[in-house]
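You will see two complexes here that share chain A, one where it goes with chain B and one where it goes with chain C.
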Partner chain A sequence: MTIDVMPVQLSKVWVAIGAMHVQEVRGPLPWVALPGAPAHLPGVVPWRGRAIAVLDLGGLLGVAPPVQAGEPRPRTLIAQVDATAFAIPADTVREVHAVAEVQEGHATQVRLAHGQVVIGGQVMPVVDLAHAIAAITRPEAEAG
Partner chain B sequence: MQRSPVSRILITLGCVDVVFSVVIGYTFIAMMGIEGDAVPTAIAVIAGLWVAKVAAWMAIVAFRLRPLGRWFSDRKAPTDPATIAEVAAAAYRAPFVISGTFSMLYAVGYLANGLVLYVACADSVPLGPGSLTASVFASLGLLLGAMDLTFPLAEWLMAPMIETVSLTAHELKVTLRGRGLTFRSRLVAFAMTLALAPSLFLSSIVYMSDARAEQRDLARRTELAVAEAALGHEEAARSVGGSVFTFDAHANVTGRDAARVFAEHPALAREFERAAAGAPMGIVQHPREGVVAFRTEGERKIGLAVPHVHAVSFGTTLLILLFLVIVSLWGPLCALFIANSTAVPVVRVSEALARVGEGEVATAPKVPVFHQDEVGELARNYNVMLDQMRQLAQRAHEVAKGALDVELDVRGDLGDAFRGQVSSLRDIVGHIAQSAAQLAGAASEMYAAAQEQEAAAQQQSVGVEEVSRTMESLLVAATHVTESTMGVLTRAERTRETTARTAERIAELSAHASRIGEILEVIREIADRSDLLALNASLEGTRAGEAGRGFALVAAEMRKLAERVTASVSDIKKLVSDVRASVSATVLATEESTTLAEGTTESARQINLVTQQQRSGTEQAGQSMRDVASMITQSLAATQQVRSLAEDLKVQADNLNGLVARFRLPARRVEASS
Partner chain C sequence: MTAPVDLLIVERGGVRLGVPAGRVAAVADLPPDERGAGLQQRLGQPPLADGERCFGLWVEVPGGPAVVPVAGRVSVAAVPAADIAPLPALLACAAPVAAVVFSGEAPVLVLDVDAMVAHARAGQ
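On to the complex of A and B.
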């Protein structure tokens, strides 16, 4: 069985996320910081008439510095886990790749990664956005 | 056999004695009227006394001249001053001794002749009255005459010995002080004796002639008285040498002899006529012509005429002739000897002085002191003067050889002047020595300095020539630089124009680059949108499942194309940015180049002006360097002359040092000079 992943570059690290969570890829979107918001959900961005949370996936995975309001990234991925949509600032996004299986490797040492894939000769950890959202919204579940 | 000088003198005087004794002996016999058988007796007496006389004066003279004989017989033995003084005293006394002894014994012998004949031989040799008196006069005359003759003769004979003794005494520096006749006294005595001697001798002759004339006159008168007594007797008359005659009242004489007598004696005839006219008898005497006696006997008048007989007897005539001969021989001989005796020393001094006057001081002879008179003093003073002059000449010769430490013991102004001159010469030589040393040092330093200066001048000349050549090269280079700067100026102006055009083109290029940037930005936005569209298309294709797989692949290819476009745009933008940066830099460089070109142009103008000035200055500098080279050449020549002069000066200083070194200064002066 194959899975579809979309390579996303966060700062200098490529991360493969499941394509079924990605709703849309957009250009740089300015977002508004929310005072008191969680560290990995620092603000909100308007998307299709509504405000969605900004997910600092790089900061969450620990592979990129925290995003800053007023400094939009070149690409913004609109992802949806369950009914919640998130805007993930990224530097580069590649088209969807179908990979055969998720392998174990040293890339799995990245936080919240549950395997690694090789795309175009590039080894990148595979991150499950649902698991990542859960880690944010339910830290105890993550710990369990 | 070598005779001693004294013997020669005795022999010579003996010969003179013999000659004069013969003549004088005869005059004695003639003067005394010794005739007939008395002559041999007189000659025997005279000869005996002459021998005794000769023996006596020879013995006396030989005795008195004994020191001379001893000294001359042993002259090789060393002579001490006392001996030479004794010998000299004997030599200077010798003329007096010889002359006095000889003359005194001559006079005594002559007087002894008269006394012996008068007293001892009165019978055999009867001498008339006045013979002794005449002998005394003759003796005195002979004494003086012999002195006149023998004194200068003795001096003449003694002259060689006196010369030897005098010069030896002078060499031994024995001062001979003795008394002698002064020259004036000698002349006076000589003149007096020269006058008195013949006068006395002539007086004796006259005295004897007068005595004999009186004798004859007495006999004549006696005979005349007898004749008068026997007047008329012819025989008696003739016995007195007269002529008997008769005469008349007019004094006319009859008688051949008487007539001849009166004819030969007219004065006597006139006296007779005057007397006969006034008296019957008488005697008429005429002092020169004779005597006439007359008497009247009745009618007969008779007379006797006796003329004077003027004929001088042969003895008297011979005596006078002998006297004249003696005087004519004696006088010139005396004059000759006295002239030699007095003139020879003067001539010797004169000749010696002439040689001294000609400068032959070293070879001029010493003059013997022949007499202890003014001439002798003159000779002695001459010898002293010659010694001093020789000493002066010797010292001057030593000084000429450089010995300035000589001492001179000549007194007087000349010695003082010489000592002063030597002292001054010492000072001068000392100063010259110091000056010569200083001069030699200065000449050496000057020579060394001249050599250094010459070497420096030569190096300078070489340097100047090199600089001159360099200046020539600079002139050529300046000309080339001027031409090059003209080219540079032209090119700089062209560069400035080209740079200006380049700036315009670059400005246009910059504008194009900006436009390209804008276009690239549009393309990048399109590529970005295309990338987003491709991504979303890929998502949509993925959502579509298998049906959308192809679409997803197209979307992936589109995204890759967009990505490559974006990359290319980025590269192009980067290139454009680089181009713009380059353009900006080029603009800046062009502006700077323009500024530089303008500056270069201005500088080229200034360089051109400066190079022209430099060329002019180089020409002037070249001319100046040529002038400097000429001056250095002249300076080099002058330096060489100075070096040559310094070398000559050093040679002269060395020569002067050599000359000064020939002088030997006294020790203290040498120390003072050093």
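On to the complex of A and C.
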């Protein structure tokens, strides 16, 4: 059994996320900052006639500087977990890869990673987006 | 094409806040001793400057009438209802912002009036 993952570059670090969550890959998308929003959900973008949250995945994982309104990243990944869609600013996105297994390894030291994969010779942590959203909205769940 | 909604827009420092005009009974200059921008400060804007013009927004909320002082330029804009995008549940903590209008070069943060009054009172 294989797992489909999409490699995403956040600053200088590559991570792999489950392709099942990916809805669209778009170019740079300006976003609107929201005062009072959580640090890693700092604003919103329009998508299909509604507002969806910006997920600062690089900042959440601690691998990239925080995203800034007015400085959109070259790519925007639109992802969805359950009924919740969100936009992830990224630097580069590659095509989906089918990997045979998720391994244990040093890349799992990245926060929220639950394993690593090797794609094109590049070792990258695998990040569960559902877990990432839970880490922001229910930090006590992550701690537990 | 959906019917337009009148939004009372308060613009200050490049940030545009919108309040459904139907919820605002009156807008009037505030006397010097009643000036304030506490709501806007709580939304990340700078404190009131000396001599900065302030307005009071008279609104009706469940607890009775309330006046919310704001600073900046006040105008009214008709916005298609379809352009007012409610915030996702994930961002319910961003109150009193309840929706965003993305159209135009300057987006509008649309406030929930009841939450706006609660925020303004909390800052007093």
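In this text, the second predicted complex is superposed on the first by the 144 of 144 C-alpha atoms of A that agree within 3 Å, B and C clash if a C-alpha of one lies under 4 Å from a C-alpha of the other, contacts with A are read in each partner's own complex, and residues count from 1 in each chain.
One rule holds in what follows: a residue touches a chain if its C-beta (ideal position, glycine included) is under 8 Å from a C-beta of that chain, and two chains touch if they have at least 3 such contacts.
Treat the numbers as computed from the prediction; the structure is a model and nothing was measured.
Enquirer: Using the superposition on chain A, decide if chain B and chain C clash or fit.
Expert: With chain A as the common anchor, chain B and chain C both fit in the superposed model.
Enquirer: In the superposed arrangement, does chain B or chain C reach more residues of chain A?
Expert: C
Enquirer: Could you tell me if A:96 is touching chain B, chain C, both of them or neither one (first, second, both, neither)?
Expert: first
Enquirer: After the superposition on A, what does A:25 contact: first (chain B), second (chain C), both or neither?
Expert: A:25 contacts chain B only, not chain C.
Enquirer: For A:119, decide between first (touching chain B), second (touching chain C), both and neither.
Expert: In the superposition, A:119 contacts neither chain B nor chain C.
Enquirer: Under the stated touch criterion, which partner chain does A:4 make contact with: chain B (first), chain C (second), both, or neither?
Expert: After superposing on A, A:4 lies in contact with chain B but is clear of chain C.
Enquirer: Pick one for A:86: touches chain B only (first), chain C only (second), both, or neither.
Expert: second
Enquirer: Could you say whether A:135 touches chain B, chain C, both of them, or neither, answering first, second, both or neither?
Expert: It touches nothing on chain B or chain C.
Enquirer: By how many Å are the closest C-alpha atoms of chain B and chain C apart after the superposition?
Expert: Minimum over all C-alpha pairs: 22 Å.
Enquirer: In their shared complex, at which residues does chain B touch chain A?
Expert: Residues 528-529, 532, 534-536, 538-539, 541-542, 552, 555-556, 559-560 of chain B touch chain A in their complex.
Enquirer: Going by the contact rule set out above, which residues of chain A touch chain C in the complex?
Expert: So the residues of chain A touching chain C come out as 32, 34-38, 41, 44, 46, 49-53, 84-86, 133, 137.
Enquirer: Name, in rising order, each residue of chain C that touches chain A in their complex.
Expert: 42-44, 82, 85-91, 93-95, 97, 99-100, 102, 107, 109
Enquirer: Spell out the residues on chain A that touch chain B in their complex, using ranges where they run on.
Expert: Per the touch definition, chain A meets chain B at residues 4, 6, 19, 22-27, 75, 93-96.
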